[in-house]
Amino acid sequence: MGKNDHYDDLVVKSSEESRVFERLRAHVDINLEGHLIDSFILPKVLGLIYDHDANLKFLNFHVGETEKDYSRCTIRIFAENEEKLSEIISELQVFGAVVKGVEEDVVLESASADGVLPDSFYSTTHHETFIRLGGHWLLVENPEMDKAIVIRDGRAFTVPISKVKKGDMVVTGSKGIKVVPPERPRRREIFEFMASTASSEKPSTTYARLIAKEILEIKRGNGKIVIVAGPAIIHSGARDTLAELIRKGYVDALLSGNALAVHDVEYSLFGTSLGMNLKSVETHEGGHRHHMAAINEVRKAGSLREAVEKSVLKSGVFYECIKSDVPYVLAGSIRDDGPIPDVITDVVEAQEAMRKHLRNAALVLMMATALHSIAVGNLLPSKVRTIVIDISQATVTKLLDRGTMHAVGIVTDIGTFLPTLLSFIKRLEKEEKM
Amino acid sequence: MGKNDHYDDLVVKSSEESRVFERLRAHVDINLEGHLIDSFILPKVLGLIYDHDANLKFLNFHVGETEKDYSRCTIRIFAENEEKLSEIISELQVFGAVVKGVEEDVVLESASADGVLPDSFYSTTHHETFIRLGGHWLLVENPEMDKAIVIRDGRAFTVPISKVKKGDMVVTGSKGIKVVPPERPRRREIFEFMASTASSEKPSTTYARLIAKEILEIKRGNGKIVIVAGPAIIHSGARDTLAELIRKGYVDALLSGNALAVHDVEYSLFGTSLGMNLKSVETHEGGHRHHMAAINEVRKAGSLREAVEKSVLKSGVFYECIKSDVPYVLAGSIRDDGPIPDVITDVVEAQEAMRKHLRNAALVLMMATALHSIAVGNLLPSKVRTIVIDISQATVTKLLDRGTMHAVGIVTDIGTFLPTLLSFIKRLEKEEKM
Amino acid sequence: MGKNDHYDDLVVKSSEESRVFERLRAHVDINLEGHLIDSFILPKVLGLIYDHDANLKFLNFHVGETEKDYSRCTIRIFAENEEKLSEIISELQVFGAVVKGVEEDVVLESASADGVLPDSFYSTTHHETFIRLGGHWLLVENPEMDKAIVIRDGRAFTVPISKVKKGDMVVTGSKGIKVVPPERPRRREIFEFMASTASSEKPSTTYARLIAKEILEIKRGNGKIVIVAGPAIIHSGARDTLAELIRKGYVDALLSGNALAVHDVEYSLFGTSLGMNLKSVETHEGGHRHHMAAINEVRKAGSLREAVEKSVLKSGVFYECIKSDVPYVLAGSIRDDGPIPDVITDVVEAQEAMRKHLRNAALVLMMATALHSIAVGNLLPSKVRTIVIDISQATVTKLLDRGTMHAVGIVTDIGTFLPTLLSFIKRLEKEEKM
Amino acid sequence: MGKNDHYDDLVVKSSEESRVFERLRAHVDINLEGHLIDSFILPKVLGLIYDHDANLKFLNFHVGETEKDYSRCTIRIFAENEEKLSEIISELQVFGAVVKGVEEDVVLESASADGVLPDSFYSTTHHETFIRLGGHWLLVENPEMDKAIVIRDGRAFTVPISKVKKGDMVVTGSKGIKVVPPERPRRREIFEFMASTASSEKPSTTYARLIAKEILEIKRGNGKIVIVAGPAIIHSGARDTLAELIRKGYVDALLSGNALAVHDVEYSLFGTSLGMNLKSVETHEGGHRHHMAAINEVRKAGSLREAVEKSVLKSGVFYECIKSDVPYVLAGSIRDDGPIPDVITDVVEAQEAMRKHLRNAALVLMMATALHSIAVGNLLPSKVRTIVIDISQATVTKLLDRGTMHAVGIVTDIGTFLPTLLSFIKRLEKEEKM
């Protein structure tokens, strides 16, 4: 490095500043490394410090030369007292701040009872995280938000509070923890849109084309695609499209609830969804019975798989899943009718089941469901590419608002968007063959 | 009529009833005729009477035998006093109620100044309306909501208050006026959906298919199709589709505002919409300049037509309108940039211009614009078939909530819906040729 | 009754009609009784018959004289064949149609396995329902939508499919079943608004005043008020208001989920909600930890009640519930963090728990939660007065769209609406004391 | 400057970098000054450069020491060619970038016709802007977005394209122009919320309290408060509150349209709004006539002022405006009924009228109107504090999305929010008196 890549004692104190620093008697130096400038990390770090009535000066600042290089800086933080300082440091960890020179190990504490954490437990982000144990930095496996970090057999895992066992060694405090927020995605990628707000005033067909391309690239690289889907897929008329995507091998797991399955079966058995004929949009007063009859048929067969095996269920989303051995998880909800036997009615167990299928996902498509999208969002590391499709801007905004840089929100009608996406996929498939 | 098709003095008075009728000293008999039962008119009439603390009895009731037949009944209304009675009668006229035996002419009064109506002016509905003049029932031409009825040369017209001239003979009060609400549409028609609430949980592709069929049928019968469109048509990526519909001859008039035209021109000149490239969804900070440059280009050319003639504008929605001689009206709005010279900046004059193109419309498609859709809705007779397409359920609901039975609301993304509609139209065209 | 209160053979056949009836060879007579005209039942009945390509004539028609009287009519329905006829009759039952002269008992069939219904099971509405058993009409207890009717010990109950036991005697087909839809509410009641569409363009403070009056009247009559609430109650700043309503004795049961309780506890312990300080609206990056710490505190204490007893939880919604012995049900959801031990994680069990508290409810207020409102809506008889308050018009519309005439929807911000409601309640309390 | 506040030649070239810079043959150095880091300017600058396939290195970087200090840096931008470079520079100006050492004057060009700009016209931002003329930096008066800069009498003004006159000297290109984006607001201010997304999940009463405080502080300093209001103010029941705010002197100008005035007058004359009684929420079929009658009354009187003078109008929002000499502008809209004579039906003239009242505004409150809020937003400099209140999150988000750091969005019901705001203002008034 050249002579200028850091500069100690940058600041010439002004008189006002002197006054300020008189009040702020505690200080500490922290190191920050990453895409500090173009990933909006530095502005957030500065805002956070100021918001605590604290102050700072830059001890050095090395700006990454090219798009790919990290920036590095050391900041001296001044706060009113040590307590305030450690609060600030704890909050700064989300951005990858590490207290300088203090290469201390994490502090572990054992859980005093099943499902109960030590008071000062460290609550995780969904970013890549390392803990320092025995002088070495250890990667925390399966990063997930709002979890505890537990050490088992020398490995570090995130564990939901309900699955913590008495005696588990739990990471506490803020020492020895390093968080690595994801990079800002590079130019020309669909995921670069993220910066812009989700709104209905975007060219939906262009989005469909770009996502089609993304899906094909992921599949070419054997990446895993998980679909989270709400029942509006069926009502809105996109059922056959989703079934075809599954049949074609673009879906590696399907996460949903009772309603999607029941509507799918109702449509297979009666051509209706909640009694509305999806081909003629006629509704009959008594048609609502179809909904309950569909549930009864699956219960009679024993499960969706048995309904397929007994030739009760001969088409649709779940038929294709079963025929192609695509796993699905149906989580119970307080508003379920029935439910069908495939539904995991205990929501904690349903979360566990969903977790398994999200491991190593390359892309998650969340379609027309606020409930399951938020649920799955809670289980995802920040680096997983996520596409949220919903007709409600409020829903899409809420889902995007999780601090990830790899999420795209599209405000559109799944009923026309999904068929458009499929037609782009088919066009690309043809082009590839040629 | 047979012996049973009416029954005077139907009611045997109960003691409670006696008490009620003691209070209600004024009464009048009215005749009602129409699809009283299956068009929800009777329930509304009864509700209205009860809501006025009044009461009623049926003097006779002839139920239409088949789906197509009218029902007829005579109702005796009891109210507290004559004033209350005439208030009720005035409100009942919306449903076609006519005071029995009182075959009186309308009462005309002359306007005392330009743009000012007599105090007791009759405010129109958007239903078919007749007035009794010189003992004859005269059809009111160009029915429109919230207007005055003016007699000129023995003909009756609706006139907006701002166009009323001093001395105009204006219909007042409630005598001699008959309103005919539209019939409930018949089975299997797309417009029968109306009864069901607009929501995003409907099969959009089925709607697209049914509307495609409707459009082709109307065109086969040389019916007039008017499109009301908002700028989201361009942002959402449906521009080329709308241009193609115009080129193919499916559009007889286009009603919109400055923004649609400016975005259309910007896309033709620069490939962007408000600076966003619609093919790559990239946005540039400076791209917003394209928007202003598009306006400047049209102003420089003199108008959209001149821009086409000077080969400045070579594609798009307005290019196709001009090439195919499809008339358009661009109404000014307080939020306009520019505007371009084609815009009618005076809103009262813009309303007049829109009115002309709505005469004899067979179908009005309102797409992705609350402002212009409400404006056009105000100018339309209730019998004109109307399809409202918007991504906001609140907007669609508001537009449907005008008492017409010939409106369909679709909550969808115009960016994917319009291309889907076009593909159905093309498929039907092919089938027709075969 | 007088000579004219019915009229057989009303119809003089036209030639077209003859042709129509040639095709429709099957016919049956049904009786209808109720507020046929002003409750919109008759129009729906006619529409339903026509929608089946069937036809009808009125054999007699007795119009209720006053607002309170029932109307009665007998309709002869003509359909293509017997199968079509019974389909129509089955659908007409929702409106209280009973096949004339055919006073047959219900057909019972036993369930072949736990959780499985006979194929031709009757699926319930949420209206008052009677079945004819041994020649007598028996009221079905706890009416609820989409359930089976099971006979146990000579009584009839609705039973959810998952709770049906092998051997249960289940009502099937459509014979011997009578449904009584609720009356249209009378004038001047808050529930009369129902007819008008929910929208944000309504005077919220007037609604608050009317609901305050309703609540006081119900409480004066010892009626039961159940509140269904979402976590936005806390975020939006209405927490203290809800807590005060509970303390004042206006709430008899609270139905919600994990999030409401966790946000409530977080606010009690830290003054924040998901890390946002609700008094200063400042947010801290690390504040999200408060959310998890709140969960941990409750888990450590053992339950909300124990947290109150151990003086960990000293204020808020659940503190007041526990202090005033107001029961609550917290239903699990797939998106729960934690959850706290009070949550019933099995959704079928949670539904059962909610059911208990809804028995005999006089008023249900659903506030700021789509998930729990739909869930509770599924468990409610149609006669229970329901008020739905949400900031999303789509949510309110969806909840109202269940065929009840006793639901009011208000599109407003719970954060300002609930305090306004409370201030009206306090004003009325004062007036009562004076 | 000290020895460390800049560092030339920071970068040690890697081999990959060499390859990159081979392609990028053109380069230029720019200076940036401002709150580069904590106002998100630098990340945007870097993103913009990368998005153009260009690259950069930092020649020096002086980080502002305290919250209040500016940062300064010099960046060398590398691009494919000179054309690309100037495109980048033009886009960077929005962030205050000035080409280093090139202290050139702006290039002026005269307009060739009325309402037509030179092809390379500079399109303004709404930020504070300076142009260099005759070697001196000149402040552009009345900054407004998407306008031209015209030099008249040695002063620089923004001029809307439609008001440009033939021969006007217009600023073109990108030389000699400096833009100063607003600072990030400081801690503890209500306007600091801006960073967080608008959503309904915020504590509305806290917002009301903070805005009340802000309003009182502005009034204490004789600041100007402008209200932009939609007709929902009346429907939603907040009319009397707004009238009281005007009477109390908190409103310096009211910008709206025909509908607000007509509903206000209708309520004064008849107690209804579009026929709905706002005290009892009853609606009458004929009540819609009140709407037209209100229009007729104002037309008859001649104007709102004359209606007040003639004692036709005796209460309400406009009554208070007239009594307190608060100016108002009513802009015409294509959906207007009437309109009343006070409405400026030409939208370009209406914009001019609104502009006048926005000069030197300290605070603009936009309430329950998308149309007028967007219109006014287009006319406002970025430094004016703006509060947007609407029940639709999509509307609020759209209005906030204009690159200002001094706007707050609140998703709430104006019908309950405005009364809450007024009650906080009254409480603060009392506290001040004590």
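The chains carry the letters A, B, C and D, assigned in the order they are written, with residues numbered from 1 in each.
Here is the rule we go by: a contact is a pair of C-beta atoms (placed from the backbone, for glycine too) under 8 Å apart; a residue touches a chain by one contact, two chains touch by 3 or more.
In this text, all values refer to a predicted model and were calculated from it rather than measured experimentally.
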item	value
Label of the chain whose CA centroid is most distant from the centroid of chain C	D
Which of B-C and A-C has more C-beta contact pairs	A-C
Separation of chain B from chain C, taking each centre as the mean of its C-alpha atoms, in whole Å	35
Chain centre separation in whole Å, for chain B relative to chain A (CA means)	46
Of all residues in chain D, the ones touching two or more other chains	51, 200, 282, 394
Chain A to chain D touching residues, read off their complex	1-5, 7-12, 14, 16-17, 20, 37-40, 42-43, 46-47, 50-51, 53, 55, 57-58, 61, 63, 65-67, 184, 187, 195, 197, 199-200, 393-394, 397-398, 401
Residues of chain B touching chain A in the complex	188, 193, 196, 200-208, 210, 232, 235-238, 273, 276, 278-283, 391, 411-413, 415-417, 419-420
Complex interface listing, chain A residues touching chain C	44, 48, 51-52, 87, 90-92, 94-95, 113, 115-117, 119, 121, 123, 146, 161-162, 257, 282, 284-286, 288-289, 291-293, 295-296, 299-300, 331-339, 341, 345-351, 354, 371-372, 374-375, 378, 392, 394
